[in-house]
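As structure tokens, the structure follows; a few thoughts come after it.
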């Protein structure tokens, strides 16, 4: 991908790159290449949409959480995700787009979000696995993004990483407890891991050789590591955790390489990845329908609040 | 101006005070149609973990900020006023509590 | 843990704590149904906070109920392994969540009862209950402010919002009466200084609700010819409760030996 935009002069680009290379943080009002802005809006809004759509598979179990403690944890966690979506939309808004616009793009099917949320959550152990694997993968990615060169994105990420600390842990605890439980519970965990393992590896995105945006994002330090590096880090982290609770990861090719100290793994089904990204996953249609329905059914509420604010000059003072 | 409910409402900047006596610091932003809901939204979004004992909200449009181009003129002139700092001054040996 | 209570008080108190707990557990459940589906992202987060508060209160009350009963039942046993006949919530909280206006009108009616009730219970002679009240009253105060603000905005917003929430106010009104119903259980505990005076709460409720509805350009429906719902706390539940509990209790019921 070429990064030179008509309006960006080579001198500007060079000065910008010098700032990046010097480790400076880019703030909203600073000059930035049009392409940098565009890539950031794309990334941050995808990330925000992922948080919001990601509320749905977990929300599916809220009313069936099997203990009051688990119900509270799950509710707090999903609520956090709403908050994280909100922080991220705000970060995107610093780049001159409006949240309304971004949400419209999502609802029109023009924006992407993480493919992982297009898989169904079918048994209670899915809730644990989403925390352990899906949030686990997200944390690897987000820890890297906390050091991104764009200030508002970095600050949102720092806050999110801090809050997400418990998300992965609660999931793992839930699974560890189920693995110590009855045969039925153990079977639920294994079933959930079987279904979520490969999709969670896909969360890091296509392999570096097929990732068109990676090069420029690394150059601008929007990303600090490649997709494959992050994926490997996640796998290395996760295999011992799986062993510790006695759950089997569904990959016969998983093998520790003494030389590289990495866990080698089998071939990811990229056809499945691209199919889900393009809208053909098991739940793409339902997820978007649910988001659109919430938005449409909320329209009269937003209109009412707007009308009330106009009548009572709401922007001026608290009631 | 009406937007037929498609809008998320104006943007507000949120400042939270972590404990009494501490300064209010920028926490982030929220959307809200009016000041009261902006306060309530800020409470739910930025103090879920007991991070605040006081909240300010300000419509983002009312914030005036320096521009990156202002940097030289605004801030550089203060970086050579070394006499504003106590380390600039020497004290006769043995004198305390200055 | 066991408390030094006479038989009659122990039985009544167990019953009373279940009433308090069940209202909140079921309402928390209804509120949690909004999670991920709110009209505005910020409000989605607010509704989850409400749900968390109510489920947290229910948990504390059920734990205390289990201790008072002294048969070794935990808060989860009481939440997940009790049949609908043994639930003592009111029908106001059983109603399906409806639209956002319905949810907020219900919430406002409940909060206008909840806040003065917790406030009064902070002086309950049964100290563990007074302690729960001291914590809950702060939550309830905030809930009332939030739901009250939404009632204003929906009532005095657009014609559509006004009509919608007026319809909800009308349909919910007949479920508000039983919030203030008393019986022998309640009277006994009141005489012990444990429970509070419900007619006093009813008076406060009206003082909060009626002027606020007016401010929101809404009107309470005429009670003439209206049959107020009654007796739910003693087992006359609506059909909705069974569905709700079937869903909520599915895992502990299906796998009775499992720990979660």
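Each chain gets a letter, A, B and C, in the order it is written, and its residues are counted from 1.
Just so it is clear, a residue touches a chain if its C-beta (ideal position, glycine included) is under 8 Å from a C-beta of that chain, and two chains touch if they have at least 3 such contacts.
Computed from a prediction, not measured in an experiment: that's the story for all the values here.
Closest chain to the protein centre (all Cα atoms averaged), using per-chain Cα means: A. Two chain pairs, B-C and A-C, are compared here, and A-C has more C-beta pairs in contact (counted per touch definition above). Summarising the inter-chain layout, the chain whose CA centre lies farthest from the centre of chain C is B. One simple way to say how far apart two chains are is to compare their mean CA positions; for chain A and chain B this gives 28 Å. Rounded to a whole number, the gap between the C-alpha centres of chain B and chain C is 40 angstrom.
The geometric centre of chain A is 36 Å away from that of chain C, both derived from CA atoms.
Across the assembly, chain C contributes residues 40-43, 45, 49, 149, 153 that each touch 2 or more other chains.
Chain A has residues 76, 79, 83, 86, 298-303, 305-308, 319 in contact with two or more other chains. Counting partner chains per residue, chain B shows two or more touched chains at residues 8-9, 30-31, 33, 36-37, 45, 48.
The touching residues of chain B, counted against chain A in their complex, run 2-11, 28-31, 33-37, 39, 45, 48-49, 59, 65, 67-68. If you check the complex, the residues on chain A that touch chain B are 27, 29-31, 76, 79-80, 83, 86-87, 90, 93, 98-100, 103-104, 156, 159, 163, 298-303, 305-310, 312, 314-319.
Contact residues on chain C toward chain A in their complex (touch as defined above): 29, 32-33, 35-45, 48-49, 51-52, 55-56, 58-59, 62, 75-76, 79-80, 99-101, 149, 152-154, 156-158, 160-161, 164, 244, 247-248, 250-252, 255, 257-260. Residues of chain A that touch chain C in their complex: 52, 55-56, 59, 62-64, 66-72, 75-76, 78-79, 82-83, 85-86, 89, 124, 174, 177-178, 181-182, 184-185, 290, 293-294, 297-308, 311, 319.
In the complex of the two chains, the chain C residues touching chain B come out as 40-43, 45-46, 49, 145-146, 149, 153.
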